[in-house]
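Going in written order, the chains are labelled A, B, C and D, and every chain counts its residues from 1.
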């Protein structure tokens, strides 16, 4: 029983990291129509920027997280101006943009390798502060922090999309970008804000991933990319809350698959395979995503 | 409409296109204040491209677009669509003219995106003008039928309180009874003082209710004149309206159009836009 | 397979989307060798019905017989292979292929389309290809696109694409063609020509046509029977003159103006 | 490094033979993607998995079952094709982006299995561990014997040449034969159907074409080509491990196809040679500015360059070096 509780707790931690990473991806995917294979590198970028200020410069971790978010948001913004916008003006469509994102992923990942090397890095935090919850679950402070921040961020984004004028104009842009500009929306601002939000959340997700993993290298984002995509598709492309459900669901499924009571459970090395298998199976049943509603085109 | 007042919109020598291809070669039109102006012509003549160029979706390679709301003059050549809207124009595209995944009310609110106040009053006026929209205000626009979509598109375009409305084929693909309804609404909107440019396939009906018409062919002006005159110009009929044979066949309905020319009964004018 | 009786029988077909019935128990049949028009307001389910009949949507209920054979569980390609071919409201010209290739693609019995045949009988594939090219050029002549045969279909105008689709549908040697707004965007003069060609095929080859069309003038002049749909059901079915006097049709679709016009035509 | 060393590297036939072999293997690999993506429009991101499956199948059969190479190699291709059909059945109805994600997931599953089923695949150490720890396993005895015979035959005709020339001759003979075969297929009406599917599936099926069957054929044939590349890869490097089959390899294949021009079979070797020179060739550039970087850093730089090439192509020449703008697949 305590094994199950611990697995559920671990699943929640893994799931909330996937969810926070997925939400940035789903915004860019749903609003701008870019299937961003470089999203994992945005995560890694955030983690390494936080590493630089936290470890190299000695800032406290809280400040490092904020700094990394801002820096990643700026990266996202810079790439919107320097890369995506010119491509969009040239009439590039989904598949072309997807292939560009693969090129971008290669560039970003190896720039990070070039700067920080392949050595595993860790943040300057106390990983040994562990809380015993009800005598059955043990979670570290970093894990608890990560889960809380992730949930708070997702809630905030969800409210922004549903309630604010910015959120509405984002939805309008994703629905019909030409009509959005006829309505008086400055579409260039919308694409910029979407990247600020999407990349900023990716930066946050990267730092949280680094915190929870303990140590990380520049491949960290790419390793998690497929589970993140799985969460996005399960949750329905473009849906913030869907990402939450998809991410947490996947996290739980990955951890629970190792449960002994399930015919011994699968070998933990196959946890990512569980995520891939769930994705493939889910698409067989519902090609539009598990929680995704049929959209009007 | 007085002859001396300068037109509310004027294009001179517009040249525009996509990539290597020029679609507009030299197009000049003028829209008198308060008038309905029809732009007709065969497929590929550049009618829709003209609207897109006026509205800033396409940067013209040459020529000018000048917009003159009350007492002012703006050169809007190549201005981005959101800025064009801010100056008091509005546009209804032919396809994709609603936000399909947003509710009807949200669609209308998007139309008033630039307004800071008075959105609710405008919403109320639109619901009066298009009662069906009130009934289904919470429904997603994607679930509407073609005719209902066109009504929503018109209402959305009016939400910003424009002085000049650009309509791209408002009757395309609609059933005859719905077409009647759409043209009725167009006249009603015009009667409230809004100038209009209409691009239409349904050239006869469009010309019949227009103050002025332009015939475009291969991206150039071909004919122009008062709508009624173009409708009976032998050359125009032969070249662009499918010949006299078809005109004869359609003749009985001509009466009907004339009847519709009369201003709408006062009861329908209770709204101000 | 019977050679008399209706070529297409649609009975009590239903197709829903998220709880909304797009086609709600439609029943109709189409006489062999006829030109039948399918009209009705937008959202009446006409295009959905086309999609169901041509196999792109699977109906939840009902039965569709083509030449006496059930086709409502068949896939689009197998229905097309049986001789029931459709065109699309928004044309699907294959823009990165030439106009000629577009039409040649539609040929049936081409052994060169099967991997093992290319290896085993390369000669027969090549011979057939020559026949196909010849026939394709004939059809392009028929729709006045012959001089554009070697251009990419992407360079055609909207109306020309409608004509190309028409030629392509004929290339499949169909027994029946479903045309979804064949005249939309075609300039009036060319459109009249298209109608004449349709008539010629009906008379000479006994081909059957079912067309969705909004232009009432076209509907009245070309079709010998008109089926009217509204809200997913068939509300009227009969000769054009009769249908346009039907009060339900006037209310749901034609409106009083058009009815007056139609009355004028009747005189 | 000094100029003479550079000269010897650049002038060395064995260096160019190596680059040539790598380019040949990539040609065959990318030819499969050309068929799937360039002609049929299938965004298969798990292509490397078919390479892995055939290489592993062959090695395992030879080491564990002691099958002869001439039986094990075709078996590798067959198994890869079967996997192509199996993965195609559920995924080929998905839209492009979902297909890309599910196929890359499939590729990763294959790699994870290879990494973690030590008993079957030798695990992370690679095929050298196929017999378990303590003994080193080898699968290419038969191949080296065959290669020796070809080398001998070549030398009797052309005189003494470098040791890689036999491999070079074999790989390119096969590559060119496969290009010819593919060209025959896509020029036949079969290829016309594939192109119609790439553009509009609904149009193709409305004309009586069984879209699903054609996609499946393209996927399985493409898998077979990747499988052939996998065999040559295994022979060239005499041992391999799961790291050799990470998703990057598939992306390299895409870069070659896009560099060359989509829907152009004859362009594939051009793309592969350019890519081979950039990728394998730069390893040997021992002169400034390359010498300012350590070898690990140079590997990173190389991948940065590759990424920039992909971005640059998509931005400035999406039809590829030899493609036609009117037939451009990517818009």
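Some points to look at:
The definition used in the following text is that contacts are C-beta pairs under 8 Å (C-beta built on N, C-alpha and C of every residue); 3 or more make two chains touch, one makes a residue touch a chain.
Note that this is a predicted model, so its numbers are computed, not measured.
Set against the C-alpha centre of subunit A, every other chain centre is closer than that of C. Set side by side, A-D and A-B show the greater C-beta contact count at A-D. The mean-CA centres of subunit B and subunit C are about 32 angstrom from one another, to the nearest whole unit.
Computed centre separation for the pair subunit A/subunit B is 45 angstrom, with centres defined by C-alpha atoms.
Remark: subunit A and subunit C have CA centroids separated by 48 Å (rounded to whole angstrom).
Annotation for subunit B: residues 143 touch two or more other chains.
In subunit A, no residue touches at least two other chains. For subunit D in complex with subunit C, the residues that touch the partner chain are 184-185, 188-190, 192-193, 195-196, 199-200, 202-211, 217, 326-329.
Partner subunit A is touched in their complex by these residues of subunit B: 55, 57, 80-82, 85-86, 90-91, 93, 96-102, 106, 109-111, 113-114, 140-143, 156-157, 160. Across the interface of their complex, subunit D is touched by residues 35, 83, 86-87, 90-96, 98-100, 102-107, 109-111, 113-114, 117-118, 226, 229-230, 233, 267, 269-270, 272-273, 276-277, 279-280, 283-284, 287 of subunit A.
Note for the complex: subunit B touches subunit C at residues 42-44, 143-148, 172-181, 201, 241-243, 246, 249-253, 256. Considering their complex, residues 54, 56, 75-78, 80-81, 85-88, 92, 94-97, 101, 104-108, 110, 112-115, 118, 125, 129, 132, 152, 154, 168, 172 of subunit C touch subunit D.
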